[in-house]
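Going by the order they are written in, the chains are A, B, C and D; count residues from 1 in each one.
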Amino acid sequence: MTPGNANSPDRGEAAPGAATGSGVASDELNALRDDLVAANRILVRQGVLDAFGHVSSRVAPGMDRFLLSGNLAPGSVTASDLLVHDLEATTSAERSLYLERFIHAEIYRRRPDVMAIVHSHSASVIPLGVTSTPLLPIIHMAGFLPTSGTAVFEISDHAGDASDLLITSSSLGASLAEALGDDAVILMRGHGSVAVGASLPEAVYRAVYTEVNARTQLQALALGTPRYLSSGEASTAARSVGGQTARAWNVWREEARPTTAE
Amino acid sequence: MTPGNANSPDRGEAAPGAATGSGVASDELNALRDDLVAANRILVRQGVLDAFGHVSSRVAPGMDRFLLSGNLAPGSVTASDLLVHDLEATTSAERSLYLERFIHAEIYRRRPDVMAIVHSHSASVIPLGVTSTPLLPIIHMAGFLPTSGTAVFEISDHAGDASDLLITSSSLGASLAEALGDDAVILMRGHGSVAVGASLPEAVYRAVYTEVNARTQLQALALGTPRYLSSGEASTAARSVGGQTARAWNVWREEARPTTAE
Amino acid sequence: MTPGNANSPDRGEAAPGAATGSGVASDELNALRDDLVAANRILVRQGVLDAFGHVSSRVAPGMDRFLLSGNLAPGSVTASDLLVHDLEATTSAERSLYLERFIHAEIYRRRPDVMAIVHSHSASVIPLGVTSTPLLPIIHMAGFLPTSGTAVFEISDHAGDASDLLITSSSLGASLAEALGDDAVILMRGHGSVAVGASLPEAVYRAVYTEVNARTQLQALALGTPRYLSSGEASTAARSVGGQTARAWNVWREEARPTTAE
Amino acid sequence: MTPGNANSPDRGEAAPGAATGSGVASDELNALRDDLVAANRILVRQGVLDAFGHVSSRVAPGMDRFLLSGNLAPGSVTASDLLVHDLEATTSAERSLYLERFIHAEIYRRRPDVMAIVHSHSASVIPLGVTSTPLLPIIHMAGFLPTSGTAVFEISDHAGDASDLLITSSSLGASLAEALGDDAVILMRGHGSVAVGASLPEAVYRAVYTEVNARTQLQALALGTPRYLSSGEASTAARSVGGQTARAWNVWREEARPTTAE
């Protein structure tokens, strides 16, 4: 990792929260940057992100700021690409930003419990958002999915029948955040999904296992009527297995380490 | 990359457009060669090309010349293998050429807007060309696909019932180009598909996301009747997402970089 | 491999079976540790384990001790992470242990013939444990699967309808071991499976080919009513092909060798 | 590659055909060994062979000898592991041999046109040998498959209902060879398939594209009734595309090159 570039308005090493524009000490912010670079690499390796999609992290609990890369493929993101965004989804950097940064801003606004967000187009999840078959928790690793069926955001209800399906405004972000409610995951018809977490490892874990659960469900549906997790099982498993996310995060982080010095 | 071999009639560094036989400055042609080598590598890495299929680029807007490798597996193509072809699909090089180079020649002839073409056998696309189920845009990344169903070129209508299914003549290439019309993609029954673009990154992007869309559609069809993109959504998404192809091209190009000096 | 850390209560080089806490000579135990590290790597490479699941080996025939890693992703396990567990699933090490170590303890308790156990969430197996379609041997490599249908452990029969689906106690482990009976494999609804063997290579082989068989069965079921192995074929194939597991183990071990010194 | 070990009864550098036990000059035999090592690596990389299966080559046209590895996983095979077998499937080497070497011996006996044979368990092919749905050519790359349906060898007709499904005798090999007839490929129920060719590259090509065709057919069948190649198309395509196998062989051979000196 290259050290922070003190000339950047978003990354300075000055007084806590001042030059960083984030309200937190630069040490903490640098550690978070490293984690977020790792999260980008992990999600690419796990097949959740490809050249598109993004992952963000709230700067600190209770803060109205979040770290998100400028407009870049996840596999290319380095620490210096991570910009502090506010809840209007603006930054002080003069760079091209992700078109759909409003997903992050509006969910952080409505969900103080959310510390990290992944937006992806992962392959097996999309089919479960385009028919009347709902995404349901079928493996104990995915107890965080709603047992009443994962909500699908139908963008034409909000943007009309000729949109580009993208969340390109605060207003559309707000509608999506409202549809998410208190859930961990929401699908977006013909587009992808969003997974949120109380920490970066949790959001990454949920994005990965939403994909794994969807793949399992697709195969099980071909065999007959699957037995899904009961609501009791889902909530117990979510607590129990959720406590093991560090194990996944640690090995994924190790595997996703850059192989050459950067 | 080895520098251009000035002895080759197709690659010289002489006066613009003269020794190159292409009508453009050799600097530009060399840059295009590098991009086309990258496109070959990218399409192999993305699983669109394997030992077969090919990608070409028009030499410059309005020109009746295009760059295409001699008869070689895409993963083996280097800058010196790229030959300037004319619209009769001939070159000045004494090398074995692709049997199906007429696909490229005839599409460039009919479509002045097309600057690059990919012909592939990518796995999930072929099934959607052999039954009555049409390939339709189901993800916002594939708004370039026709919402009335992607055309399937039925070669037996043009070459009879005992052909090798290959486009091995100007006449068959012309029939295929006519069937493509103004579309971005056409399927070839029992064979593969062709994707075109206004730039090399766009053609590569479309070939990759035609495959991704097909894979998604195959899975969605197993669940029920999918909701596809509306025609308004498809055209808006094609414009909007199309503007993001550079993001994909840049990261794919980086990933596909040769790991050792050549 | 780092040499054994003589300070560890579980790994000493002292008198046979004394400092090791295992009752066997430390040379043999060290060789077993190397094999078990290899088994972890192999199962990750073969796609049977990911960040979760685990593999163990009984310390020696007739012994009530087994080697299993502390709570760690399989891809991270090194020789010094392998701890001697007793049949209460406890160790003398002060480390976090796998929540589901009781799977191993209770099967070793009931099955003196079992020398190694793999617990995994491998992808194609889970769908065959959530509908009424049973996992059956369809390829000669999987003659070890019961021709009457592989048993599915329904945890709600033992832990009620609001469990986390995990085997987190001796009591649940005992129920699972009882359901396994004399079989080689048991499925766990919405969770995964367990494969056992008379040696570490056999258990690894069975875990890999349970997944391969399941994948084949899923595809065959989409075509019609498959012809499965007859019970005579299954038992003959299990003996015959079982004699070839060394071939697989040797090449897998070679492929899974660490690429850099550790 | 290590040079030939002159001490081996099967690999000497003495007078043509003498010490080699093969009746051909040792130079030619060494070149063939290199090709066969490459074929093993290629088929592993292409996912046709895993730890099991094997590939052989007749020593020279008209000869009753063939080269095949001793009992070893394909990924481990080196030049010194390749043994000259006669049509009784015996060798002069004191090594463990493949249980199913009789597949090769008996096909070479009946098919003088066959110069190379691949026996594999490739994943998508097996499902098409266990139901009443036949494997049919659906892509132009697989015109070598019979348009009347690829034959399935039902071993219980020859070895009874309690065999291990393996071809472990000259008698079973002869039955399989007879069932193959003049075809290029035969399936073996619950086991795998055999592909033959007039050269090693052709047999390898056919094994790879039998798998690709099967995968495509499985997906197409999920959509409706596919249009397969007509018999005229299949035979024309087999001739035409068959002429392009060198392109595939060359790039596959390059990709499968060992990365470190052996």
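Throughout what follows, contacts are C-beta pairs under 8 Å (C-beta built on N, C-alpha and C of every residue); 3 or more make two chains touch, one makes a residue touch a chain.
Worth saying up front: this structure is predicted, and the values here are computed from it rather than measured.
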Self-check item: Chains touching both subunit A and subunit B, listed by label
Solution: none
Quiz prompt | Degree value of the rotation bringing subunit A onto subunit D, based on Cα positions, nearest 5 | solution = 180
Exercise. Look at both sides of the subunit C and subunit D contact and report whether the same residue positions are involved, with over half shared, or different ones.
Key: different
Exercise. Express in whole angstrom the distance between the two chain centres, defined as the mean CA positions of subunit B and subunit C.
Key: 47
Quiz prompt | Distance between the centres, which are taken as Cα means, of subunit C and subunit A, whole angstrom | solution = 33
Practice problem: Pull out every residue in subunit C that's touching 2 or more other chains. | Solution: 222
Quiz prompt | Interchain pairs in contact, sorted by label | solution = A-B, A-C, B-D, C-D
Exercise. Sort out for me which residues of subunit D touch subunit C in the complex.
Key: 51-52, 71-73, 75-76, 99, 121, 123-124, 126-128, 130-133, 156, 160-166, 189-191, 218, 221-222
Quiz prompt | subunit C - residues contacting subunit D, complex | solution = 138-141, 143, 212, 215-216, 219-220, 222-230, 232-233, 235-237, 239-241, 244, 247-248, 250-252, 254-255
